[in-house]
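Letters A, B, C and D name the chains as they come in the text, with residue numbers starting at 1 for each one.
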Amino acid sequence: MRRMALDLPLLLLPGVGFLVLTFGLPLYWAITGSLGLGADGTGFTLMHLADIFLETKFRKGLMMSLYYAIAPTVLTLFVAIPLAMLLQKSFPGRKLFNGLYKIPLAIPSIVAAFMVLTLIEQGGFMDRVLVHIGLSMPKIVRDQFGIGVILSTLWKDIPFMTLIIAGAFGAIPKDMVPAARSLGASRTRAFLMVELPLAMPGVTAATLLCFVKSIGNFAAPSLLGPAYPLPLSIQMYDAYREGDWIAIYSMGTVLIIVSFIVLGAYYALTARTLQHMKREG
Amino acid sequence: MQRYHSIFLSLLALVCLLFMLVLPIGIILLWSVSNGWFPPNLSPGDYTSRHWAMFLSDPTLTPAIVNSLVITVIVTASSMVIAMPTAWALARFDFRLKKIIEIFILAPLIVPGMVVAVGLGRVFLKLDLAYSMEGVILVQIAGVLPLTIRILSGGFESIPGDIINAARTLGAHRFAIIRYILLPLSIPAMLAAGLLSFVGSFEEFERTLIIGAPIVHTLTTRLFVNLSGQGLVIPVAAVVSLILLLPVLVVFLLTSRIMRDDVMAAGMGKL
Amino acid sequence: MQLKCLAASAAVIAAMTGAAHAADVTGPAFGDTFNVTDTSVDLSQLTRENFYDVLVPLAKKDGEMTFYSYWPPAPLVVFQNQIIPAFEKKYGIKVHFNSVETNVGLPQLDAAYKEGKPSPMDGYFSSDLPADLNEMANIRLTDILPNAADLDPSLAYEYRGIEHNGAYVPFHGNQTVIAFNSAFVKGDEVPQTFEDLLAYSKANPGKVAITSPLRGGSGSGFLTAVSHKLMSDDCVAKWMDLSADEAAADKLVNNSECFAPVWAYFNDLLETAQITNGNTDTLNLMANGVANVGTAWEDLTFSYVMGNQLPDTVRVTILNGGQPGGAEGAFIPSNTANLAAALLFMDEILAPEHQAWKLAGFASRSPKTELDASLIPAEAQKLLVPADIYEEGRISNANPVMSRVVRDAFAANVLDK
Amino acid sequence: MPALKNELDVLDISKHYSGVEALSPTSLSVANGEFVTILGPSGCGKSTLLRMITGITLPSGGHILLQGRDITRLPPEKRDIAIVFQSYALFPHMSVRNNILFGLKMKKLGKQEQLRRFEHVVTICGLGDLVSRYPKQLSGGQQQRVALARALVMQPALLLLDEPLSNLDAKLRESLRDDLLALHRSTGSTTLYVTHDQSEAMSMSDRIIVMDKGRVVESGRPRDLYLKPQKRFTALFFGHTNLVPVEAEGTLATLPWGSVLPLDQAARGKGEISLRPECISVFPDAAGDAVVRQVTFMGPDIFYDLQIGNHCLKSRQGSNGVPLEVGARVNVHIEGIATLLEQTGSASVSAGAAPESPSLEGDR
């Protein structure tokens, strides 16, 4: 026991210490900077933060950031869960598919956005194919709903989420479904009442990860999104180019707050179910 | 009936792969050698290697590739070394602040890289780390560390405690346990974490740009200008995309043969 | 040879007698004091005449320098393939060249300056200037560079509404234009006025692409052009007042009726025209045959057509009333570590042979009065704005504060609708 | 047609996976209220058989009838069969209460009926204080009882138990074995029990079906299988035995050292018989033809390893007498009637397949 008391801080030190220095400190500066403290500051004020909610372009930008994060995440869920189920089954070529479907994970998101652009833009490849059968592509690039952005985010998110959820399904003890079936649950009900709840930790974690990956998404909205409103990620980059540190810190702080609220909600929601499933009980 | 079913699934998977992977990559391949490709043509009317030649003869490309590889490898290796003890502590010990520490470790995934990089950039200037490889490596490690810790600790959790006890009773000391028991058993987790770090570091853009560019360019920051809305010339962007695609794809395909999905999924799947 | 002797003696005389005179008339720095951190060069003694004699030995001692360039494809090649090799050969000074996305070097410069560190670049060809010129770039380059003697005076001291007093050496002349595909837009359909453009858009919904002023220069140029044409003279005068501050800008833009016709025009136009994410986005739409008319940069359109990324039926014009043009340039940060080399390089970029090379190859118009578009091969001439329109068509910009306020107001009054 | 009194009839059912036979055509039946055990080493096909009976896997051939109804192709939820898995397969995200109620809810039983059955099963399984706990908060034995309760509450036509005791420690296993039997008697449920533990099988079953390598070796009452196995495999699988070569002549068998035993059936030629250690008595005799080579004290019993001629014999005696010393000469007396083992079929028993140590423990 005495050894553990000594070991633990030593073991935690490299990872946690590194993150405190390279992440905790910048975070602290960002938050103090947004409050008007710190190097560029003019004294404590909440105005910079309030601006994000008061100024139209920031407020709409925040909404847009949330939209670009939530919409694809929700849509991804609907595709990734069936896909993860599919991967539990055996069919000819499953191995190949299992190897290849993850490729988008390795493709930089800006390349992904570019590929989506060449495919689905008006006058892009799909459009040219459709022209030959007398149809034309609807406007889904630069459209007000950001469909192009969402498609390109989906392209990267679906394999990511499928991987995690397939892992979660794969980890369910093999007798669970037969047990439910023998107790009278149909295939669907066994899925809804046993498999899905058991895979839920994986599903929620995947959802959270997709959400946080998308909320900072820069490339796709920049290439495929509507010209207005611009999500905070792009506005931050613009502010950086203009050397507007305060704006970066304020937008950053708001994004941090939003993300932490989501993270907090996630833990609050999952804490109870997780607790029962934990080994220690 | 069963047979019918599985053939349908195969077809579906095949169509998905064709449409989602082969088609987009094929099209940018065509674009990269196109010399004028206007609608309604389904293939370029004329071909040229000009766009490739322009890039491959660019003297700044080689240093960027070298930087990318060096940085990516160092980031992957160091994040592994840094993550290992912490991941072990999180996997094996129960302590009061565990939840807090877990959340803190996850947080860098959530906070936009720009915020971190801008803050660090100022300090790095003071420390003469700005525009240096060291600086870029440090800031990138901060980005890949959370997932590395998660996946490794997931892997460590799955090592039965009895194995270690058994090794102890057989006279293994701490170092021997690590060397002969823990390392071999955590190879799948290390592989999964390493792959994710590799990809993450390679495609990292915001932090590298702010801390390193333009003195230290990686392939990604070097080529970003050709892909951003400001400078997007499609054939050039196509060449750039393929150049960016190649290294990660090669690494990915190589490792995916020996990589275990469940390990990667397990690490990320329980936050 | 003889000429060189002459120049040298002139320099000596100038150095002996002309110091006081130079400070009065063509003082090298626009601040009263120099705050360059590299004191190896005595800027107060530097003139066009003694330029090379003083600098070449000092620059050779520097031995190397770093130059940043922002991206437009043509100037990149011009630096990489033309100017830098020539410069390195001539002086034996190594140039570390970095291409950066638009102006990301500026925050780096700003950060380095605040930390008291040397600037990451010794010269920077950027589309924007540091905010605080007095502190960060205050050398009157256009008055001391020998190759700057024949600069177009309208470009030598002012850029996009910023009075820089010569700290920003114009390098690459550009012009915002309306590009159109002459295969589809024929004869009298070609818009000549803003009304024409509106009418064409209404008749051909979706066929006009307007770059978002938030995302690209051709868009903000178009916004400037519309404002210039549609606002009353009184409003235009207030708007173009280069000394306008935040309050004045806010008053004019948000609390007067001046911009009402501008917003009305855009709101009308954008009912049928589409707004794009950048200069190249607009051109790509035209290449895809989705748009027939779009806002663009003259040189970018030129290089697109020359590179087969746009059909060779695309032409450019300037609408009646003028569209903004100017010359992007380069500056030397006050915290450069290699001042002498940087000064020499700034001079090099204005050398007539380089300027002619890029003009002929990339329609990158020269700010030097002696070089005009006639250097461009005849078959490429058709891709430029016709000379008669060009001469009258160039208008200048409001100052940056004003431009930003107008841009935000555009977002609120047009894009947000 | 099968007789209708049988609850379960399995007719020539078989399974092969991509050409590899996991189960040869197998038939068996379980009568109403009967407790039948399938016994065999791991990998003998018993789990496959069980999974087909529950409907988790579909058979490659043959039929399964439950109460005379063909259920071969019915999905698991439509069969009136409940199963207790070796892993218990308790739903970790549900409390004990919800685990038990799960099947009743699936069957959409009335609330009253649900409650009645729930309380009954909670009582008989002794789960009173545990109902609001979660599976991970229970001990192994408690989990096992919950799994059993979850199955029993369905009042299934057939209850399947798949090695339900194998994850428990020895002491618990024994007490739960008794509980299981008591439950079986009180509910009268028709039960098919799968195990690899012969002592479990013998102590609980009305009938045992011995399986090996994907086929049934033999079946019968525990006592018959133990004392009069027909197959070498059965003889070896049930505890300790002495396999002794004999010469049969009529109803007499001559052992290698000259002793003669009666046979239950007339036969002729060379053969092999199984002699249980407890059928071999030893008496100290300085002129005896056997020598004690090893003495193993087992508490209630003593095992003597004897050498007679060049054969070894294991004998089991009560430990209340005066123990013999190693090296003592003894006389051997063999009781009972021997059965010649069939040499065909699954007679080849690999050394590892006979579970020696559990049998010693279980035979006390």
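Everything below uses one rule, namely that a residue touches a chain if its C-beta (ideal position, glycine included) is under 8 Å from a C-beta of that chain, and two chains touch if they have at least 3 such contacts.
Since this is a predicted model, take the numbers as computed values, not measurements.
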{"item": "Smallest count of steps, each to a touching chain, taking subunit B to subunit D", "value": "2"}
{"item": "Chain pair whose interface holds the most contacting C-beta pairs", "value": "A-B"}
{"item": "Taking each chain's C-alpha mean as its centre, the one farthest from subunit C", "value": "D"}
{"item": "Chain centre separation in whole Å, for subunit C relative to subunit B (CA means)", "value": "38"}
{"item": "Euclidean distance of C-alpha centroids - subunit C vs subunit D, Å", "value": "92"}
{"item": "Gap in Å, rounded to a whole number, between the CA centres of subunit B and subunit A", "value": "16"}
{"item": "Touching two or more other chains - residue numbers and ranges from subunit B", "value": "39-40, 122, 210, 224, 228-229, 232, 234"}
{"item": "Multi-chain contact sites of subunit D, meaning residues that touch two or more partners", "value": "none"}
{"item": "Touching two or more other chains - residue numbers and ranges from subunit A", "value": "39, 123, 127, 222-223, 240"}
{"item": "Complete list of chain pairs which touch one another", "value": "A-B, A-C, A-D, B-C"}
{"item": "Touching residues on subunit A, where the partner in the complex is subunit D", "value": "173, 175-176, 178-187, 189-190, 193-194, 197-198, 200, 273, 276-279, 281"}
{"item": "In the complex with subunit C, residue positions of subunit A that touch it", "value": "39, 56-57, 60, 121-124, 127, 139, 142, 222-223, 225-230, 240-243"}
{"item": "In the complex, subunit B residues that touch subunit C", "value": "35-36, 38-40, 46, 48, 58-60, 121-122, 125-126, 130-131, 209-210, 213-215, 217, 224-225, 228-236"}
{"item": "Subunit A contact footprint on subunit C (complex, rising order)", "value": "102-104, 106-107, 110, 114, 131, 212, 214-215, 274-277, 281, 284-285, 287-290, 408, 411-412, 415-416"}
{"item": "For the subunit B and subunit A complex, residues of the former touching the latter", "value": "5-7, 9-10, 13-14, 16-17, 20-21, 23-25, 27-28, 31, 39-42, 81-90, 93-95, 99, 101, 103-120, 122-123, 138-139, 141-142, 145-146, 149, 199, 202-203, 205-206, 210, 220, 224, 227-229, 232, 234, 237-238, 241, 244-245, 248-249, 251-253, 256-257, 261-262, 264-266, 268-271"}
